[in-house]
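What follows is a pair of complexes built around chain A, which joins chain B in one and chain C in the other.
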Partner chain A sequence: MNLLRKGKSKFDSPRMGYIMLLPAALLLIVTQIYPFFYGVGMSFTDYSLLTANAPDFIGLGNYIKIFTSDPDFYKILGFSFVYTLSIVVFSYVVGMALALLLNRPIRGRAAFRAIVLIPWVISSSIMATNWKWLMNDQFGFINGLLQSMGLIDEPIRFFATAGWAQFSVTLIGIWRNIPFMAITLLSGLQSIPSDLYDASRVDGANKVQTFFRITLPSLRGVTLVSTTLMFIWAFNGFENIYLLTDGGPLNATMVVPIYAYKTAFNSSKMGYASALSVVLMAIMVIFSIIRMKLNERAEA
Partner chain B sequence: MTMKRQKLADDILTYLLLFVLCFFMSLPIISMLGTSLKTSQDALASYSLFPESGKWYFENFATVLTKTTFASNILNSAIVSVGAAVLCMVLSCLAGYTLSRYHTRITAAFTILLLALQMLPIILVLVPTFMIYRGFHLTDTLLGLVLNYTATNLAFSIWMLKGFFDTIPKELEEAAMMDGCTRFGAFLRVILPISAPGISTVAIFAFVRCWNEYMVARVLIQSDEYKTINLGLQQFVAQYSVDWALLSAAAVIATIPTIIFLVCAQKYLVQGLTAGAVKG
Partner chain C sequence: MKKIVSVTMAAAMLLGLTACGGKAGSTAVSSSTAGAASQSAAEGEKVTLNFWDMNWNSAAGDMYVNAAKAKVDEFNASQDHIVVEYQSIPWADYYQYFLTAIKGGAGPDVATAGSQTPIQFYQMGEILPLDDIVEQWKTEGTYEDYIAGIVESNYYDGHYIALPWGCDPRTIIYRTDLFEEAGITELPTNWEELKAALETLKEKFPDKVPLAAFGNLQGAQQVFDYFLHTNEGGQVTEDLKADFNNPKMQETLEYVASLYDGGLIPEGMIAYEQTDAERLFLSGEACCMIPASTSALLDDNLKDKVGILNPIQGPSATEPRTLYWANSIAAYAQTKYPEESKQFIKWWLENQESLFVDGLLSAVPARISFMENPYFSENVLIKSYTEVIYPTFLHATYPVPGFYPAYGQINGERYLGEAGQKILSGERDYNAIMDATQVKIQEALDAVS
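Showing the complex of A and B:
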């Protein structure tokens, strides 16, 4: 087959291929690439929907304002990192536990796996609605359960105070992302050759030693990619918090993407919102590069 | 004997932990199902997940579908999701085939472009998209949503279809072309029919992702007439904030396609989920 591929026949002119690529390329240019450059361009202007004036080019003005005189930015950035890193760490830990359990010789694995996948496939709007109901302070199942167990006297107002709201949106963010980690790590586990485990058993290693000496090192590649993707998704994502608390109470659960969204569609400051979005992307790109470099160094 | 007992203890612990974790993972769905079967008063009367036995109440579903605008939300979501899935299927078949069969600098650049687009924060594209759509009068139209959904699902679909096409030997088209087919004819008559399972998987994936999408619809759609199912649901939250039973019934209806998808396409779902991370 390789031989055939190398032989240049009259069928191999790529012109037909380019024509077939064209519709997809055009749509991506019109709906993704053009808006991207449009957005980067807007970030250098004071474009606002509230004034009839044409937008003025203000250079790095928006960026300087974000980093030097925006009273909320660093607080929002701080919570964004806490929220994202909590999701990466805890969804990894719980996902790993689930993957190890599902990798054991159990009955009904397909059924368990389907249940584990639920948070990943249902829509964020349904997810948020039902969690709000479960965690409702008057009628919610969770408060009812905790009260009947005698753990709390007064119902917890999960979304009303700053600390609890931060806890709740992070918990639900973790819940939503466990399936990805569990399923990815499970397929990673299944690709570890079993003779590695046989060898460690012969050497008399116990389960904990086997996990840290064999399982975890074998999953290095999967871990790197899955945690990097998770960081990007969690840092970028805003439906979760937007639908649960809308960034409140008093901006306690505000993250960078929602801040950019509100700046654009509530305050109509399109230029400033675009600059915030560019900063968001820059942070992710920088993070991904650092993550890859660290890995290269560890491997070298 | 002790080893056997040890194994039994391990098994019990495994199932116990699995049940606890699975309960946590499915809690919102359980609660949604239970609450949808309660009357509105019962929903507020006790915090138990399910109604008392014998008090199952099915009226909520009929009420949602006949007395609210939810049926029109469902129709809008169906139109948008089917439209985007079909369009996405056509475009990604064409592009996926090219990426699978031609290896030139242009196809390599296109592949990198697809990967780079995955890194774009949705908000960075959404703000300008709103401005551009306004200029073309595409805001508040279903067509605008279809175009956006098609584009955002393209990368993933092209990627998956390229994988399917890669598994089909090139000799098949070449034989057809020897018999007088054009390259495109061979693609239409030979490659596409064999790839039907892969193509339908991609279409189902795209359909469910569009069915579940919220944020883009939230920004682009304003009038009630064009609201999709998730927008309708959030409108419910605002309007009927006390009627959790009715709200849950609406949520159950909205989840049906997703659950069917989960049950039928689990194998592909797992493949799609892990493809990037495990191989990468």
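Showing the complex of A and C:
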């Protein structure tokens, strides 16, 4: 008993807690915190990799250029929002439908749940290659199918025109993120007490009323977390568009993260790219705060 | 508040992407002064050099890598002082790989890379000039063994910043059987004849693509650069002023637009990568392909049915021309062993002949005497390169004789490819396209001046 008490006091001390946290904190500082502040600092310089000269401090010069004289920024930002919001909204709607289906006592439910996860677990590069070949205008399966069914005369150039390319990358982005939404919402659905549904049946509520009065409000917490995360991932997302179109054709599918990457590593303008990344971060923080405040107001 | 902090932290992860890219205020050794730091390792000390080499024949898997490793082993066995460690570098995002390594102080001693890479790193003060080797070559007579002008393609600021080992030409390959079936007996020699041949192919094989090409930024850059060079055009003047809105450029844009409008190149090529165009050609759905594909040249089913078109001549050119890049090897200023690095480079360039054969290099050697090897003189396709195409070479930087600092940005950001993509997306306001690109090129030139 004495030994137990002695051991407990030793390992339960606040100092031990800090010691245990130290490795993770150090890792975080080295890999995240330091690069973060370093990047913010760099955004106030004209640092270019093209010269050996030390960078000059230019204050808000990069930010002013982004918002006042960058000919591409607003177009890219606009598409970034359309792309992100489309993914959040449509993956939520389709994910909810799938979650409701998978929550029913159907035969082979476990297998269906595994199948739903496929788009989420498949490698990004394999996903991109497959979609590009499926949607190719000369030898793609989708165009072949549509033509054989007589639905189109000429093949659709899915990635070759601005409008179709934007539609295609957004559609694939939605497809890829549906599993996350479906599984997250499914776990939320399973935590709703069945008593609530029994009571609503006794009160004579139909399925639509039950969904909007019981299911949806009960999923508010899961919805907040999943849509906020999805917003951050989609807005911050890189590989989906990079692998499918590389931001083309003619920047039609360019989003801010790829723009920042290309500015840094193709144009070698590290200072400007850092400023773009800071702007991207600020946008995500602002939207996430708005999202949380709206939710708090709704709950109140 | 905790949520806000967590959101901020998640967002900060992106910022790390650019922050990790390099170190501000790098104290790299200036290339122009690197020679002063030249020193050999102490006598008897064994030194290790890191040699980064691109896979120069990735279409043939590891064949080149294995041949290059064997060649490095041969060097290591030839002396006791230097041990070279070989590292094969993949082409995907190779520049970012070099950039982060070199800026982080972990770059190679010696490396091959993309043609424009040495000039890009020279500007950052990260290249060790190789003037000593050229001086030796001039004394030994080796200098005259190089294709005219190719050594100078990497001469800048009074220094040889890299030395060439090969030429990387852009050509068009075609299906000999389809040409024969379409009744095309004379190969085209100029733009109009090429267009006429493609129209004949389209008429004869309406379900096939006359000329397969890929038109993503990289592909569009190559296609338009190919035709621009056959028209003896460039993007800057010889004295490094922006020259994108010149008549030769307009002819080039108009010509490719006419191929596009005539259905002679794929309508959706703006979204194609190289593999898409190769797939069309390898599957027999295309009659020609630009640029030539090593995969197609090596394909067992096609090798007897594939030919290389002769160089063609644009309307403003004085003779048929072929676009090529000089591929080179360079030493990096961070090396602790500059003399040993130069010693290895000299050996590598002088003993590389067998590597072209064993590694099945698609490149043409920079050294004339290497072409006497039976591999080059007896292989029909390769012979076409060395006998017909090589004499028409026009370097990628034309009309500038060699790589210049802004070339990295002009070529790397694919300004010509972007202009080309506008053509491939249906834009036909040539003046607007050329004027917009002219501004970008001048900005790139100004940025490094």
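Some points to look at:
In this text, the second predicted complex is superposed on the first by the 278 of 300 C-alpha atoms of A that agree within 3 Å, B and C clash if a C-alpha of one lies under 4 Å from a C-alpha of the other, contacts with A are read in each partner's own complex, and residues count from 1 in each chain.
Rule of thumb we're sticking to: a contact is a pair of C-beta atoms (placed from the backbone, for glycine too) under 8 Å apart; a residue touches a chain by one contact, two chains touch by 3 or more.
In this text the structure is predicted, and so the values were computed from the model without any measurement.
Clashing of chain B with chain C is the outcome of superposition onto chain A. Legend: residue contacts after superposition of the two complexes on their common chain; A:209 is shown touching neither chain B nor chain C. Once chain A of one complex is fitted onto chain A of the other, the partner contacts of A:35 extend to both chain B and chain C.
Contacts of A:249 after superposition on the shared chain: chain C is touched, whereas chain B is not.
Within the superposed three-chain model, A:157 lies in touch with chain C and out of touch with chain B [touch as defined at top].
Judged by the touch definition given at the top, the superposed model places A:104 against chain B, while chain C stays out of reach.
Once chain A of one complex is fitted onto chain A of the other, the partner contacts of A:187 are limited to chain B, with no touch recorded for chain C. Contacts of A:232 after superposition: both chain B and chain C are touched.
Taking chain A as the reference chain, the count of touched residues is higher for B when chain B and chain C are set side by side. In the superposition on chain A, A:55 contacts chain C only, with no contact to chain B. The superposed model puts chain B in the path of chain C at one of 63-71, 99-107, 117-125 or 153-161, which is 99-107. Residue overlap on chain A between its contacts with chain B in one complex and with chain C in the other: 31-33, 35-36, 38-39, 42, 132, 138-139, 232, 236, 257, 260-261, 264-265, 270, 273-274, 277-278, 280-281, 284-285, 288.
By the touch rule above, chain A contacts chain B in their complex via residues 1, 4-5, 9, 11-12, 14, 16-18, 20-21, 23-25, 27-28, 30-36, 38-39, 42, 94, 97-98, 101-102, 104, 106, 110, 112-127, 129-134, 138-141, 143-145, 175, 178-180, 183-184, 187-188, 191, 221-222, 225-226, 229, 232, 236, 238-239, 242-243, 257, 260-261, 264-265, 270, 273-274, 277-278, 280-281, 284-285, 288.
By the touch rule above, chain C contacts chain A in their complex via residues 3-4, 7-22, 24-26, 28, 30, 93, 95-96, 99, 103, 120, 123-126, 209, 216-217, 266-271, 273, 276, 279-280, 283, 285, 405, 408-409, 412-413, 418, 421-422, 424-425, 447-448. Per the touch definition, chain B reaches chain A in the complex via residues 10-11, 14-15, 17-18, 21-22, 24-29, 31-32, 35, 43-44, 46-49, 90-92, 94-95, 97-99, 101-102, 104, 106-107, 110, 113, 117, 119-132, 147-148, 150-152, 154, 158, 169-171, 173-174, 177, 183-184, 187, 208, 211-215, 219, 230-231, 233-234, 237, 244, 247-248, 251, 254-255, 258-259, 261-263, 266, 269-270, 273-274, 276-278, 280.
The residues of chain A lying in touch with chain C in their complex are 31-33, 35-36, 38-40, 42, 45, 47-52, 54-55, 132, 136-139, 155, 157-162, 165, 228, 232, 236, 245-246, 248-250, 257, 260-261, 264-268, 270, 273-274, 277-278, 280-282, 284-285, 288-289, 292.
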